[in-house]
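Look at the two complexes coming up: subunit A is in both, with subunit B in one and subunit C in the other.
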Partner chain A sequence: MQISISQQDHVTIVAVAGSIDALTADTLVTALLDEVAAGRTRLVAHFGAVEYTSSAGLRVLLSTLKEARQRGGDLRIADIRPNVRQVLELSGFTSILKCFADVDSAVASFANMGGNK
Partner chain B sequence: MSRAGNGIALVIGSGGVKCAAAIGLQRCLARESINIDLVVGCSGGSIYAAAIALGKNAEEAAALSTALWTRDVTAQPDRAALMRMLFPKLLGFTERFGLKKDHVVWERLMTAFGELTFADCKIPLFITATDFRTGEQVTISEGRIADAVRASIAIPFAFAPWEVNGRLCIDGFLSDPLPVGVAIREGAQVIIAMGFESPYQERVTSGGRFAFQLSSIMTNNLLKASFAFHGLAHHSEVIAVIPQFSQRIRLFDTGKIPLLIDEGDAAMGEQLPYLRRLLAAVPA
Partner chain C sequence: MADPFDADAERVLELSPLTLDRLGDIRQFLRVTLAELGCAGATDAIVLAVDEVCANLVEHATDGISPGPTRVSVRRSGIDAIIVVEDRGHPFDPADAPAPDLVSDWIDRPIGGLGWFLVKQMVDELSYDSVSTAQGMLNRLTLIKRGAASASPSGPV
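Let's look at the complex of A and B:
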């Protein structure tokens, strides 16, 4: 799994490539929670290159989501592949997470959000 | 992550004849020499869970499926039951209600499993049903396998509830269509969960189809809610195998069993790269 982090319009974009699973979850959750701890609580996870996610991957998303929202931010997901979307839908994540077709739309969605950046 | 305890569990959810996809999953795992340590089955999935637990290979399970699961299983209406439904006070309605005669399905189950019990299984087997009186999930792990399967496939309105170990049971899908929780409770580490969404009606043109549509809506939402909870609650890994069939599959499309097996094999194959990496990283 590869992770790259960038900023766009006061939003942190975490681009993930590869598989999010029990073998990689710790690396990703550390990267995401480090961003939140540093005050960068508006997060977009770019999933365009995520090939697979398992239940361990879902737990990463949930813990990051809760931490970001507790600090006034949010985690939003962009550019999800069909097989990954199927897992998110089956496990109910699409009902609690905001999902977008692309990164620009996800970043733009934060424009109406007040509070911390 | 350690593989102490019950290692790899396979959970096969409800789905009528679609559950034959589990034979393909079994074939895929056998090709990779990946052994299952315990198996859980619900409703239609209970037939294949039992076959796997008894040590039947994919060919034997396919033959069992073709012989057991034919349209005449539900072909004979129980007109007396229908009359009791229409005139309950006059004729005496009871909770052992089903609109189809169940002697054919019972004969088929006895042909398939006879007097075999859970004690005859090569690996631990758990079959889930639902307590008709309380709605609780019932996990059956002792007694005759045929009784457990019959209880687990007691499709509401079609087959009458079935008594097992003193509890009147109805179809397992009513409490959890994909009972991953049983595998978690039994100490499984890696859980392979094969589940099936219930199909929605193309057209609702009768009371029966209306009821099926309501059932699908409730079942699919229960499937998602339950799977979400178990996926987040499990300390280790739940690998979902949800076949996306290339054709519409109806409840008794037994002619499509070869297709179902191939698609189950392919769906498991998609998960293999990760499963291989996971098992390689985890000492047995």
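Let's look at the complex of A and C:
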């Protein structure tokens, strides 16, 4: 799994590639929570190159989402492959996690959010 | 070595010990094996189910004991795929896994607890038995994916 982090319009984009499983999830959640801890609470997880996720990836997303929202931000997810989307849907995550077709839409969605609390 | 053209032959991956850094090997073994068996259309579902099972074994079945060997076998029966995971850790019957929370709002949603739920969603049948042997416990989980050999690669898992 590879992670690359960039900024766009005051939003942090965390692009993930490869497989998220019980081995790699720790690395990803550390990277995401480090961003939140540094005050970068508006996050987009770019999942276009995520080939696979197990429930370990769901733990990562929910942990990060909770931390970000409790600090006035949010974690949103973009460009999800069908097999990964199915895992999110089956697990009831699409009702709590905002999903976007592409990164630009996800970044733009933060424009309506107002300032960080 | 199994004859790659014999669709009924059992394919086996032995892991000794099973560790989290072998999960990628297990997924690759399943992808190759299921393609050989003509069950490529069921790969996503079976890979997720077995990955969850094996991750659980590493994280929960060997508390306080040395991780023992784990055996993953795949075979085809008619159009069904049958996957058996055998381990020597602490027994855990998946029937005892608590029901997941799929509906609470984000703030109340528990982190974790979805692994066995996903396993059960991905396969059609699941059975478990555990016996005491001279070498310790032998736990056997059998997963059956019905119609695996007829599933479309782009179809639902």
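Convention: the second predicted complex is superposed on the first by the 116 of 117 C-alpha atoms of A that agree within 3 Å, B and C clash if a C-alpha of one lies under 4 Å from a C-alpha of the other, contacts with A are read in each partner's own complex, and residues count from 1 in each chain.
Following the convention adopted for this analysis, a residue touches a chain if its C-beta (ideal position, glycine included) is under 8 Å from a C-beta of that chain, and two chains touch if they have at least 3 such contacts.
All of these numbers come straight from a predicted model, not from anything done at the bench.
Undergrad: Assess the superposed three-chain arrangement around subunit A: do subunit B and subunit C clash, or do they fit?
TA: With subunit A as the common anchor, subunit B and subunit C collide in the superposed model.
Undergrad: Quick one: classify A:17 as touching subunit B (first), subunit C (second), both or neither.
TA: After superposing on A, A:17 lies clear of both subunit B and subunit C.
Undergrad: Go through the superposed model and pick first if A:3 touches only subunit B, second if only subunit C, both, or neither.
TA: neither
Undergrad: Of the partners subunit B and subunit C, which touch A:66 in the superposed model: first, second, both, neither?
TA: Only subunit C is touched by A:66; subunit B is not.
Undergrad: More residues of subunit A are touched by which chain, subunit B or subunit C?
TA: For subunit A, the partner with the higher number of touched residues is C.
Undergrad: Choose the clashing stretch of subunit B with respect to subunit C from the list 128-136, 200-208 or 236-244.
TA: 236-244
Undergrad: Go through subunit A and flag every residue that touches subunit B in one model and subunit C in the other.
TA: 19, 21-23, 52, 54-56, 58-59, 62, 83, 86-87, 90-92
Undergrad: For subunit A, which residues count as touching subunit C in their complex?
TA: 19, 21-23, 52, 54-56, 58-59, 62-63, 65-66, 69, 83, 86-87, 90-92, 95-97
Undergrad: Using the touch definition from the top, list the residues of subunit A that touch subunit B in their complex.
TA: 19, 21-23, 52, 54-56, 58-59, 62, 83, 86-87, 89-93
Undergrad: Sort out for me which residues of subunit C touch subunit A in the complex.
TA: Residues 20-21, 23-24, 27, 44, 47-48, 51-52, 55, 58-59, 100-103, 105-107, 109, 111-112, 114-115, 117-118, 121, 156-157 of subunit C touch subunit A in their complex.
Undergrad: Could you pull out which subunit B residues touch subunit A in their complex?
TA: Those in contact with subunit A are residues 1, 195, 223-225, 227-228, 231-232, 234, 236-240, 242, 244, 270, 273-274, 277-278, 281.
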